[in-house]
Structures are given as C-alpha cells and as structure tokens.
Amino acid sequence: MTDTDVKVVYQRPIGLTDVTTHYCPGCTHGVAHRLIAEVLEEMGELRNTIGVAPVGCAVFAYNYFDFDFVEAAHGRAPAMATGIKRTLPDRLVFTYQGDGDLASMGMGETVAAAARGEQITIFFINNTNYGMTGGQMAPTTLPGQKTSSSPLGRDVETQGYPIRTAEMLATLDGASYVVRRSLHDARSIRNAKRAIRTAFEIQKAGLGFSMVEFLSICPTNWGLNAPKSREWLKDHMLPYYPVGDFKVSEEAERVMKEVR
Amino acid sequence: MTDTDVKVVYQRPIGLTDVTTHYCPGCTHGVAHRLIAEVLEEMGELRNTIGVAPVGCAVFAYNYFDFDFVEAAHGRAPAMATGIKRTLPDRLVFTYQGDGDLASMGMGETVAAAARGEQITIFFINNTNYGMTGGQMAPTTLPGQKTSSSPLGRDVETQGYPIRTAEMLATLDGASYVVRRSLHDARSIRNAKRAIRTAFEIQKAGLGFSMVEFLSICPTNWGLNAPKSREWLKDHMLPYYPVGDFKVSEEAERVMKEVR
Amino acid sequence: MPPKGWVEINDLYCKACETCIADCPQKVLALDMSRLSIKGYHPAYMAHPEKCIACGICATVCPDAAITVYRGTPPGFEEKGTE
Amino acid sequence: MPPKGWVEINDLYCKACETCIADCPQKVLALDMSRLSIKGYHPAYMAHPEKCIACGICATVCPDAAITVYRGTPPGFEEKGTE
Amino acid sequence: MQYEVIIAGFGGQGTLYAGQVLAYGGMDEGRHVTWLPSYGPEMRGGTANCTVVISDDEIGSPTSLHPTAVIAMNLPSLDKYEPMVKSGGWLIVNEDLVNRVPARADINIVMVPANTIAREIGNERAANMVLLGALEANLQILPEGAIEKSLEVNTGGKLKKFVPLNIEAMRRGAEYKL
Amino acid sequence: MQYEVIIAGFGGQGTLYAGQVLAYGGMDEGRHVTWLPSYGPEMRGGTANCTVVISDDEIGSPTSLHPTAVIAMNLPSLDKYEPMVKSGGWLIVNEDLVNRVPARADINIVMVPANTIAREIGNERAANMVLLGALEANLQILPEGAIEKSLEVNTGGKLKKFVPLNIEAMRRGAEYKL
Amino acid sequence: MAKEMIKGNVAVAEAAVRAGLVSYFGYPITPQTELLEYLSARMPELGRAFVQAESELGAINMVYGAACTGLRTMSSSSSPGVSLMCEGISYIYGTEVPAVLVDVMRGGPGLGNISPSQADYTQVVHGGGHGEYHLIVLAPASVQEAIDLTGEAFYLAEKYRTVVVILMDGFLGQMMEPAVLPPFKPVNMESPDYAVAPKEGREKRFLTSINIDAPTQERLNIRQMSKWEEITRNEVRYQGYYLDDAEYVVVGFGTCGRIALTAVREAREKGIKIGLLRPVSLSPYPTEVLDKLAEQAKGFLVVEMNNGQMLDDVVSIVARRAPVHFYGRMGGMVPYPDEISQAIDEMVNSDAGPELDGRAKWLELMRETIGQGA
Amino acid sequence: MAKEMIKGNVAVAEAAVRAGLVSYFGYPITPQTELLEYLSARMPELGRAFVQAESELGAINMVYGAACTGLRTMSSSSSPGVSLMCEGISYIYGTEVPAVLVDVMRGGPGLGNISPSQADYTQVVHGGGHGEYHLIVLAPASVQEAIDLTGEAFYLAEKYRTVVVILMDGFLGQMMEPAVLPPFKPVNMESPDYAVAPKEGREKRFLTSINIDAPTQERLNIRQMSKWEEITRNEVRYQGYYLDDAEYVVVGFGTCGRIALTAVREAREKGIKIGLLRPVSLSPYPTEVLDKLAEQAKGFLVVEMNNGQMLDDVVSIVARRAPVHFYGRMGGMVPYPDEISQAIDEMVNSDAGPELDGRAKWLELMRETIGQGA
C-alpha cells in the first residue's frame, strides 16, 4: 500500500478559524457552526457570505467563522440581515440565533422578515433555554422543565407553553423553506447539513425566506453531560419538536430535490 | 293596539358613551365597538372590564366605551393587558388593536401573550392598512393593493406577503380561541358578536388566550365610500382572509357551544 | 296594514355613511337631503316608513349605533291603524 | 488485517465532551486520562486504533471539529501491514 | 416689506391650495416665502388653514399672531381669526358662508360672495381663488399678473385644465377692490 | 483596622465560598465586611476570585489594588496577585498547584500544600479551607474560633455535613503559622 | 439651479436621494410620514432599497446592517419612534459605522400629540441610549438648510464613522419654502475598507460593539472620546445675527431660532442692542462663541419649544457671567414672535443677577398665564 | 433585626417583596439576572405576579399596565435593556402612574460588556425617552442603602405618581454585605382613586398619555414641571463626609462614591482638608449643597465610572467658582482607591483656574496611560 491510497474522509472545514470556541464541552452550537462552514465551503461561497451573530452563547460566532460577520443587537438579527441583504443583494446573508434571541426578544423581527419573504436564511438554535445568561426559561422551554427562572419547572398555567417556531412561521406566505432538524446524532446531523445546503441554495436562487431550526443541547445549564444531554434531547425535545419540513414552497421543492 | 305592544328591538348599548366617535363615516371600527359594548352589557361585565386602546385610529376608544380603559404604546397593548390582568386576575381585560399595531409593531408581544396563554382577549381590526397615519401599507395589505407607501401596489417581491394573523397564532398551544370574522354585512356582524361573546366567556372561565380578528373597512384610505368598501372587503379580503375558527381548544369548544 | 315597526335615527351619531340604506331589505331608508346635522351630515331617515319590518338589520350594520329599532305600530300610525 | 483507517484528534480543539466516544460504532475512542491538554482537558484518543473503520461518525458528531478522519492504512501500520 | 397671510376654512375648501398659489407667485417674483399648513388628523374633515409669509428679507417666523391679512372662508375661521388681524390690516371674508358682519373697525374688511361667484363661473370649488383674487387686488402683494403667470408656469398634470377657471375666478374676485 | 483579602483560583476551587466564610465570620464579629466576586461568563470554567474587606469602620472601596493578604490557589493567581500584595502583607500560596517560589522579599509568604492536606483529611475540595486556616492563623483578622463558630451558625442544608471537615481543614492549615 | 417650493420632509428625502442614498428603512409616524412615503416611490424607481420596517426597532437595526456595508443609509422617525431606536443607536455608535437619522419632533412625553416640538433635544443631544456616546446633531431652521445639512450629514457620518441626527420639528417637516436642491450625485457602491462586503482575496472582517474584556472596551471608549474631541474642534456650526455689538443675546435653534429672529429684528428696530445665536450643530455645541458672548453680554434669553432642555447647556456655558432668561412653549405649542418680543422686553428691563433661575421664573409665568392640569 | 450577608441584586428583590410588591415583570440580562431569578421563585411562592417578559419592551409595558392599577410594580434590567424601555418610561411618566425600575449598569455603548459601569447616568438622569420628563433617580452605594432606597422608591413613586429608578452597577448587584432587611409589609391591594380597577357604582376611568390638543398637553407639561419643582424641593438626598471644613471636595455616586471614600480618608490622613459629597438622589440632584460648597472649596474632583456624565452637572452648578477636576474609568473598568488618591494629589497640587476643562485633561491622561484603540 502506498501513501496515495490514503484518503481524507473528513477534515476541519476551512470556513472555521483556527480558534477554540468558548462553547462548553459537547455543546452542539459547535456542530451547527461546523455544518455551516462545511456547506459554504462546498458551495464555494465562503468569500461571498455575511453572517449575523446574535446575542446569546453564539455572540462570538464572528471569531469562529472565517468569513465576514456582524454582531446584532439581541433579537434584531433578522432586521440587521435585511439591511445588509437589501444593500448587497448578491451576497449570501444568514443569521444565527438562539431561541431566546429569535423566539422571545426577536419574534417580531423574525415574523416580519419571514412575511416579507426576505432573501435571508435563519439558523435557529433551539436549546430550550437562555444559555448565555445562565439558563433561564426560554419560549422553547418544555412544560415542567426546570430552569433558573422556572425553578419549580415551567408551569404552563402562569408561564405559558413552548412555541413551535418552525410550525408557526410555516403559516407565512413569504416563507419558502422552513424545517426542523436535530443535532443529537450522526444521522440527524447529516440531515441537518442537507437542510443548511438547501436553505442556502434557496437564498442563492432568490426564492425567499428560509429557516432551519436545530434541536440543540445545553449540557451546562441542563446539568447533564454531553451524552446524557443528547439522550434528553431525544427523549424530551423530539416528541414536542418533531423534526420535519413545515414549509417548502413549490420552487423550494425543486431546489431541495437537487441537494443530494 | 296599545303602547305596551311596542318592543325595542335594538337600542344603543349602555356600554357606549354619548359621544360621537371620530371615525370616518361608515368605518367598521364603530361596529366592532358597538358589538363589544353589547356583549359586555349582556354579560353584565361592564363594571368589571378594562379595555386597552391601541395607537391607531382606535386611539381614542377610551372616550367611547363607558368602562375603564387604558391607552397603550403602539403595539404593546398585549403586554400592557398582561400587566393589568396579572395584577387583577378577576377582571376582564381586552385589547383592541389595528393591524399595524398588532401585526407589525406589536407582533412580538402578540405572539408572546398567545404563547403564554395569557388570560386576555384581543380584538384585532384588520383593515389592510395604517388608517390613522394616512393609509400606509400594513402587514395585512393585499398583494397589489395600493397604499400611500406602496404607491404602485404592494409588490410581494420587495414588500412581502400579507400575514394571516389568526392562522399563525392558531399554531400556538397557549392560544385557546382564535377566530376570524367579518364586519361587512348583518349576518357576518351577528357571527362576529357571537365570537366576541365566546372570547369573553373563555377569558372568564380562565381558559387562556383568545383573539377575534375582524375584517374591517377603511373607506377614507381605500378611497371608496362605505357601501363600496364593504363590497371590496367581500371581493378581495374574504378570499385571502377566510372567516373561520382557527383554534378552538377542547375546553373552549364547550364554552363556544353554550354561546347561543 | 300598519308597518311592523319603525326606527329612530339619532342625528348626533349618524354620519350619513349609507350603510343602513344599502342593507335595509325593505329599502326603507335614505339620506335626508333636506337637513344638515350639527356635524354637517345629511342624516339617514325613513323615506318609506310603511315598509319597515323591524328586522333590525339597519341597526346591526350601523357603525355609529345611531339607530333604535322598535317593533309594534309606530306612534303616528296608531289612530290610522285602528281606522 | 490492517485497520481501514484512522483518526487524528487535535488537542487544541478537543474538549473531552465524549460525544465521539459515545457514538463511535467500533468503540475505538476514549479519553486519554494520562494527558492534560493546555486547555485542561483529557483529550479523546484512539484507545483501539485497530478497530477503526473510517466511518467518519466521530467527526460528524464532534462539536469542535477536532477530528480528522483518514481512510487507508495508518502510517504506523504501513510496515506491519506488509509484514 | 413683509406680508403675513392666513387662509382658513373647512377641509376641502382649498385653503391650502390657495396659499400655495400665493406662495409660488411670491417665489417666482424672487421674494422670500414660507407656506405653513396646519397638519394632522384635525385635517380629516375638520378645519384647515395655512399661513403664507412673503418678504423681501430672510423670513424669521413662518407663523403670525397678527397677520397682515386673513382670508376667512367660513364662520369658524372668521370667529377665530378676525381678532388677530393686525390693526390696519385686511380681512377678506367669504360672505356666502358667514352669517354675520365682522366687528372690527380698525381693519379693512372685504366681503366677497365667493361661492356664488364661483358657481357663476362654473365651479363652486374655485371660491378659494375668488377670495385670493380679492386679496391680491387690495393688497397688491405681488406685481399685477404675477400670480396668474406663476399659476400657468407651475401648474402641471391634472390641474392644468383648471388654470383658466382659476384665473377667471381671481379676476372676478379682484373686482372687490375697496 | 481594615483587612483586604483576595482569594483567587480556578472556578471550582471554592474561592468564592472561602471568601464568604471569612466574610460571615467578620459579620458575626460585628465588623463591617464586603464580599465582591468577579462575575460573568469568565466564571464558566475560567478563573474565579473574590475580594473580602473586613473593617472596623464603614467600608469605602470593596476592591483593593494592594490587598493586605492574597490566597493564591493556582499559578495564574500567583502570577497575577503576587505583585499587588501590600508591602508587609501576606501571600498564602497553594504549594501543590504552583511550580515556583514567590519572588517578593517585602511580604510574608506562606506556602501550604493545600491539596495534599485536603486529600489527607478526606476531601480534596477542602483545599480552600486549608488555605483560609493558614490565612487566619497568621493574620488573626478575627478572634480565634470566630470563623469556626460562624461556620457552624451560618451553614445549613446540604453543606452542614461538611462543617466538621472544613473546620478540620482550617485547623490543619493553621499549622502553617509563620 | 432653479428654486422649487418644497416641503421639509420631502426636501430631506430628495436631498438624501441626491446625496447618493443607497438604502432607506423607516416606519410611518406623524409628522414625519411624508418622508417615508416619498421614498417609497422614489427609491424603487431608482433601483435603490426601500423597506417599510415592522417597527422603528426593525428600522434602526436594518440601518445598522446597511451601515455595516459602509454604504449610505438612513432612517427617519418622530419622538416615540426615536425612543425605540435608542438601543440600536448605541450599537451603531459602538460599532463605528456611519448612519443618518432624521427626527421630526412632536409633543410629548408618551404618546403626546403630533404638533411641532423640540422636546427630544436632551434625548438626542445628551441622552438616549446607554453607554458613552456623542452623536452629531444638526438642527436646520429652513427647508434650504434642511437640504444642505442632509448632504452634510452623510459626509460627516462617513468622515467620522458615526451617527448623525438631523433634528427638526413638525413645522419644518410640513412647511414649504423655495429651495434649491443639490445636483444628483451618483451612488457610490464601493464599500470602505472596514465594511463587510466580502470579496475574493481579502481577509474576513467583522463588525461588533461587544468588548467583553473591559480594558479593551475602555480603550475603545478613549478612542471614541478622542474622536469626539476632534469633532468638537472641527464641526461646530451656528448662525449668528447682529452679534457683534450685542448687549443681549437670544439663543434658539431650529424653528424656534427663526421665530426668534423676527422678535430680535423688532427689538433692534426699537433700538435694543440684541443679537441672535442660532446653533446649527447642537452637538457639538457652539460652546466657544457662546463663551465669548458671555464675556460681552448683559443677558441671555434662551427660547425653545420644550421645558428648557438646551437652556441647561447655555446656563452651564454662561456660568453665571450673565443672567440666562428662558422662554419656552411645550407639548406641541409654538411661540409666536410676539411672545418672544415680550420675553426680550422683560429681559432688558429685568434687574436679575447672574444667579437667576430662568426656568423657575418662566415656570411661574406659565402657571399664571396658561395654568396647570390636563 | 439580625444582619444577613446578602447580595445586592437579591437584596433589592427581597426589599421590594417586603415593601409589598404586587407584580414584577422583567427579562434576563447580566449583571441583573439574579434579581429576576430570585423573584421567579419568591413571587409565586407568595401568590404574587411574576412574569418573565418576552423582552424589556414587553416588561416595561407590562409594568405600565400594572402601574395603571396603582398597585406596586417594578422591573429591573441593565443598560441595553433600559434603552429598550425608553419609550415605555416616557409613556408611564406621561400617564402619571407609579412604577419602580432598577438599572444595574454595565459597560457600553452597544453590547459592550457585563462589567460594572455608571454609563447610564445621562440616559437615566437626563435623557432616555422623548418628551419632557424628569425621573426620580436614586443611587445606592451599599447593599443596606439599596435595601432602604428600594422601600423609599415605592413610596416616592406613589407619592408623586412617577417613575423612580434605582441606579446601581454590576458591583453592587453582585456584592454581598451584611444588611438588615425591613419588616414584611402586607400587600396593599386597594387601588388608588385614579387607577383602573373597575367596580360597581363608580364612574369609568381612563389613563392615557395622549393629548392630541396641544394646549391641553402643555397644561399637563406645566403641571408635571411644577410637580418636579416640588420634588426638587423635597426629595434631595445625599451623604456628606468631612465636608464642614473641606477645601477640596470629591463628588462621586454609587460604587464610585464609596471607593472615593477610601481615597478621601487617606488624603485626610495626609492632612489634606478634603471631603466627599456622595449624591444619593441623582435626580433631583443635591444642587444646593454643591452650590454652597462651590463658595467654600478650592477645587472639586468628580469621579465616575463613565466619561464624565455627572461631571457636566457639577460643572454647571459650580459655575467657574472653582476648578472641577475629573477622574473616570470607562467600559466596565472600576477605579481603585489609589487612582483616586492620585487624582486628589494632582488636584491639590494643580494650579488650574476655575476655567479648567477637567474632562480634556483627564482624556489626555487616559490616552497617555491607557491608550486608544480596541
């Protein structure tokens, strides 16, 4: 056997910088980052993309991606992305947002961007809590789930019910591609990657608003290690937040079929 | 025949003050007002109700209703109503909001209140434009519809698609009763009244968030007189915004059946 | 036969929007071009009182709650009615 | 038979989260309790290099893109492989 | 020299437009001018007025508490603005829509049956121009014919066809020169 | 008299807790005290330190640039705080987690193998209390036994069962009295 | 260039277009709405970006995004809307990207009304968002000046990578005056070298307002303060009238400043040696000229359409060298020249010393003449 | 009452509970979050209302609603969150209903960081929302004072039907000190007579901040200004140290004020006749005492954790009667007593006259010692 038979099956994508992230061990924010970098590399769009970082654990995303980035105010990433995309319509523009950022603080901007059919892509990290500020309840926190601001477990009577963001946005005519994926195992991750690719292709084709919601773990605030967190996701989140395609416009469908 | 045979079939409800409204002739804001006053009178709740007025043509609603009222900041009526209801849980609290107020400026607060299952009722006047400020495009403006800020007609490519608010909110678990009614003719108006009654009864029973969306006319900014505006509503709005019950929780269903 | 009822339209509230006029199934109502209300409108009135069936539709659609609807013989008709 | 491939785990990135360890179908990986990385972690390593099938699952699930996966005979095996 | 003119009436009587015509005329004559409307919801159906200032110098205030002249197109406007007219100033009144004679003795009062005249020349909506004609004839803020010329130069689109009517209206109003 | 003490180490070494124990002791003795942590995301996995001020008078600054004493539980803390200790002040070092001897000659230096001792008495996590014992023995900020008493009084819940261990750890640390 | 009669709101909009505005993001609010409406037709016609945002929050954050591309962008609003923009403004400032904002002020606080006002002075000049920032604030008093300052605003925003606010009031927004519009400048689509607008062959860039490390943040603050010092040195603008020999000085900005001009002229005619200082840049403030005037003047009169917000600045600068009188109208009321004339007379006849509390005296007068309660 | 070691954020929360807080509405943000977290357990336990709002916008408008019932309500946040509340605060003020707000300040502008800061001084004391308003602003410097002022805040909010802000910084929020909590006050559920809380047999009520008629709005503004005059007369609070014979005066509030105390004591020990003025009510400001000190002092030193926001007020009041020096740290940095000591020495040794520009001198120093750039 010679060296020429050695093939690199996988290597760190060039879209990530050579920097350790500040994410906690096992946090699937890292997986989402990696997938986005892989897809943009594969599409040859690394030098044509602008990311919008949120306020949340991903606040420093701009340090980890090796392409242009801006940092939004809490919740306003879709508006900021709109400002960029309208100014530079031929660039790929995406936001990367947590559930507190998108579904609480920024719900107004999110719905508006989707309704406008804004030609941007949103990557939405649903980890059922506010990671960065120490694990408070988010709009996505499950009924009964304990957080630092629902210490007895989320009481739906006084603290309300979780929002299924993808399902909700899917009702909007402006939304072209709205899906949910999970990051808890290899198979889910591969599916998630295909969705990222589809979303970007849809944006590239000018077909309107796209969003991929990712079920993600937060070992630190859930108080579970990474493998246990992934189990918890599977057992508790998946039933409430089913993976699926909630809105695929006709045109988007065509693009979707072309992706692998 | 004697006087005793004379029966009052209809008279101005006592829940309205003896004041002429500032609404333009024919404007169905007036109809919605009247129905709310009638229902609260019939329920005997006039002295137990607090209304929250929006910023919009209904900004002076507090002058027209003969019960307690507060005036919210633009879009924030659901938050303000939450503050009141949480403080005085045994009062009936409702907001009265236009489409600019609720579906643009206040979308975040609206979704959040619905998701929380906040025990309030929202009356949502969809007249496809910003009446008060002179007829700009609203999130509800129909594709192609001319407004003062979509002078060539709403171009869905750049200005997006109308939001079907009721359908969207219906996806939320916290929402108990979310329906759409129209105010363009007597039959629709009677149905609208039943929906108002149902919504209030649901609130009274503590069954969660309720919203009634009303299709409403804006003769002034549509540039049509009242009868023609009602035709326009029927021909253009009804197809896009079908009347219907989009979310009726199980418990709400029971209440609904009891209303007439 | 006397009419089944009648309506009273309050000048203070009526804005001459013609909604009631358009919707009255009996075509009872019209704008009174002979009068201007203090608000500057030609208010609606019963142009054909004899046709009123007290159905209440006019009141149901009136955006300004200007209309009161009575069932029974209108006051003016009383004597004639017994004729 | 030589293994089908191998992985390299970059100490700089590995945070010892054990995700790869849990998901490796061949149970190749483990934390190296004998070493501390500069970040203060016991990084993952190939505890059973002979079992690796270069399936890439570990890299797919690694949140820190710490793993490179190679298909082919691992460098150390080359000679042995031809033995 | 500085003229301060308030034109007031119901919404729909063309007060804002009459003010603009005057202002354009001033501009074309190289004078400093400001045109300031009342704005906002009160305009919807309610009253509408504007203040026009025409001056040889840079204009300070675009408002006026003691206008040189007032055109009152209806009774509420007469009631409101009569007391404000500067002593020695002018009050041009739409005789058709008021039911009283102005009371001030220290100002010049011109009563013009503007609606009647406008109806006579074919369009009641030209009452505003009748009154403007009366104003100009009496005060001669601008050289003769200046407004007419400006109207012709500055009017385009749908309004163009009304120019002759408006000029005629002004001419008829000008007959009410004191 | 005013004592300013900084306790610094990795997150998880119990620096904040040791500071609280000292502060409670001061409070129970009727002294003025402040306890000020470093806060925020740097705490997640990174370093953690707190400043405790104990004084007979109203306390001004809760921070200190020249602390009376520093407990350095690891090398980065030693590197950072050694230069800051007030001349004549005290530096208590966890000998187990540093690889150098402090360089300052104008301060009192106490090297304590805190992790080793803590392990000896059954729980490595008590290293913080070993160092606190060494601090108190040398500085005598509070009367003898005050901290121990305060620990007993103020500890409740799950931590109660560690009180004897913590007292033992302090006692062992106190053996490092210069 | 021929003069045109043009409305303040529209004038600013068209001036921005001619200055090469690439994108506009706004939300309707009286008395600013015509600006948005005008651009809703004009921008698409030119193939440029116009978005009616979901809210002022949305609008300012769209501006933030557009500003990060370094291309000319603006928003406009009125008082309550500007309050909603406070956070975003602070972010834009913190990120050091250029943006222009128009505030057509109305009566407040709260919902207040839509009548002209200058009650956002403090908010825009001193306060507003959190953190350390200083915006450049320009206050036109005529349609022509509004046009000129609009071009200027874009220039300054880019020169200093900062936020420039054009502060007007409902009167100026609604008023028509003859004015000359500047020539049409071609749009510059070349992003500056700090901006995000990726292209092959250059390093990635990022723009943020976060500096989680406090020392780093402090160094940024110091640099921004230094920049502000430079702006203060270079960018002061004001208009003076009859100041050379003035024994009395009226200070007023925007609409109130021009109304005061009428009163000052009248007073001059009466033989009073009085001048008018009309600050055009409210921030940086014309401190130096006012400081000099404080050496020469026997009295100052500040006139505003608010409760004396600029008054505080004038009092601080005059520093008890002369009494500072005040006359203001609030809540959407606009003073007539006659009221200012009267205030001038009172100043001239007053024997108040430099320790005069102008606001207290004025408030007393207001209570007596206009009364209390709503 | 026994003393407890208690953290600033928690102390304020529990003090509010004991003052009879009926409802709390907030949103997580560092370094304030413990306050919200504490109440998320405490309020439901007592059967009172706690809502984690969707945003600070939501929170302040929930407070607005609750305040309209006249029952005790509050929110808390930190700098960027407070910016989002500006509009709502203006509405609450305009409607004249009582509310309490806690701002635990952090470094800015923009996202900045989470380190302690006093950079919201101007925003909260002068600026913030649109329109004419004056909030009452109280700045505690210790946990005990934070507790005491919390009770006071509710009292003042109700007394004047206004918004009271407790302005703290991240240090005070995170610090533990022994403190005595007040006794538990029963909740008052009796709505006052202006409030909406309908019941049989009384006229309807409404609460609004709109006055579309400008003269009406102006009368309201006058009444509110008069109320403010009254507050200014009655509600000034400050703490003075060694002021009687002070030739030099340090002025600082909150954490910075207490840090300065250490430096002032040291200077006294060195024989410098120096005192400390620590304003507790930042609004109304202790103008009168500072004015008197300006007659007696040879020099002032203002110390802040910002770029000199309160400095502007001190300069205005001192009015060139003595030089006003400045020492500040920004961006989340906190000065050590030693730095202030040095600034005191420099003041004492300085030959600057009263026209000194303290900020310019300081900025120069900052550039030299700390540098620029981020």
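For reference, chains read A, B, C, D, E, F, G and H in written order, and residue numbers begin at 1 within each chain.
Please note the rule applied: contacts are C-beta pairs under 8 Å (C-beta built on N, C-alpha and C of every residue); 3 or more make two chains touch, one makes a residue touch a chain.
Only a predicted model underlies this, so the values are computations on that prediction, with no experimental measurement involved.
The minimal number of chain-to-chain contact steps leading from chain A to chain E is 2. Path length between chain A and chain D in the chain contact graph, taken as the least number of steps between touching chains: 1. When the C-beta pairs in contact are tallied for A-G and for B-G, the bigger tally goes to A-G.
Chain centres here are C-alpha means, and the one lying farthest from chain F is C. The mean-CA centres of chain D and chain E are about 89 angstrom from one another, to the nearest whole unit. Centre-to-centre spacing of chain F and chain H amounts to 33 Å, using the average Cα coordinate of each chain.
Those residues of chain F in touch with two or more other chains are numbered 40-41.
Shared contact sites, meaning residues of chain A that touch two or more other chains, fall at 24, 59, 71, 73, 104-105, 107-109, 111-112, 116, 139, 159.
Shared interface positions of chain C, i.e. residues touching 2 or more other chains, are not present.
Across the complex, chain G meets chain A through its residues 22-23, 25, 49, 51, 53-55, 57-59, 61-69, 71, 73, 87-88, 91, 95, 196-201, 204-210. Every residue of chain A that touches chain G in the complex is listed here, in rising order: 47-50, 52-53, 59-60, 62-63, 65-73, 76, 79-88, 91, 108-109, 111-112, 116. For chain F in complex with chain H, the touching residues are 20, 23-24, 27, 32-37, 39-41, 58-66, 154.
Across the complex, chain H meets chain A through its residues 27-30, 33, 36-37, 40-41, 44, 50-52, 54-55, 80, 110-111.
Those residues of chain C whose C-beta lies close enough to touch chain B in the complex are 2, 5, 10, 12-13, 15-19, 22-23, 39, 41, 54, 56-57, 59-73, 78, 81-82.
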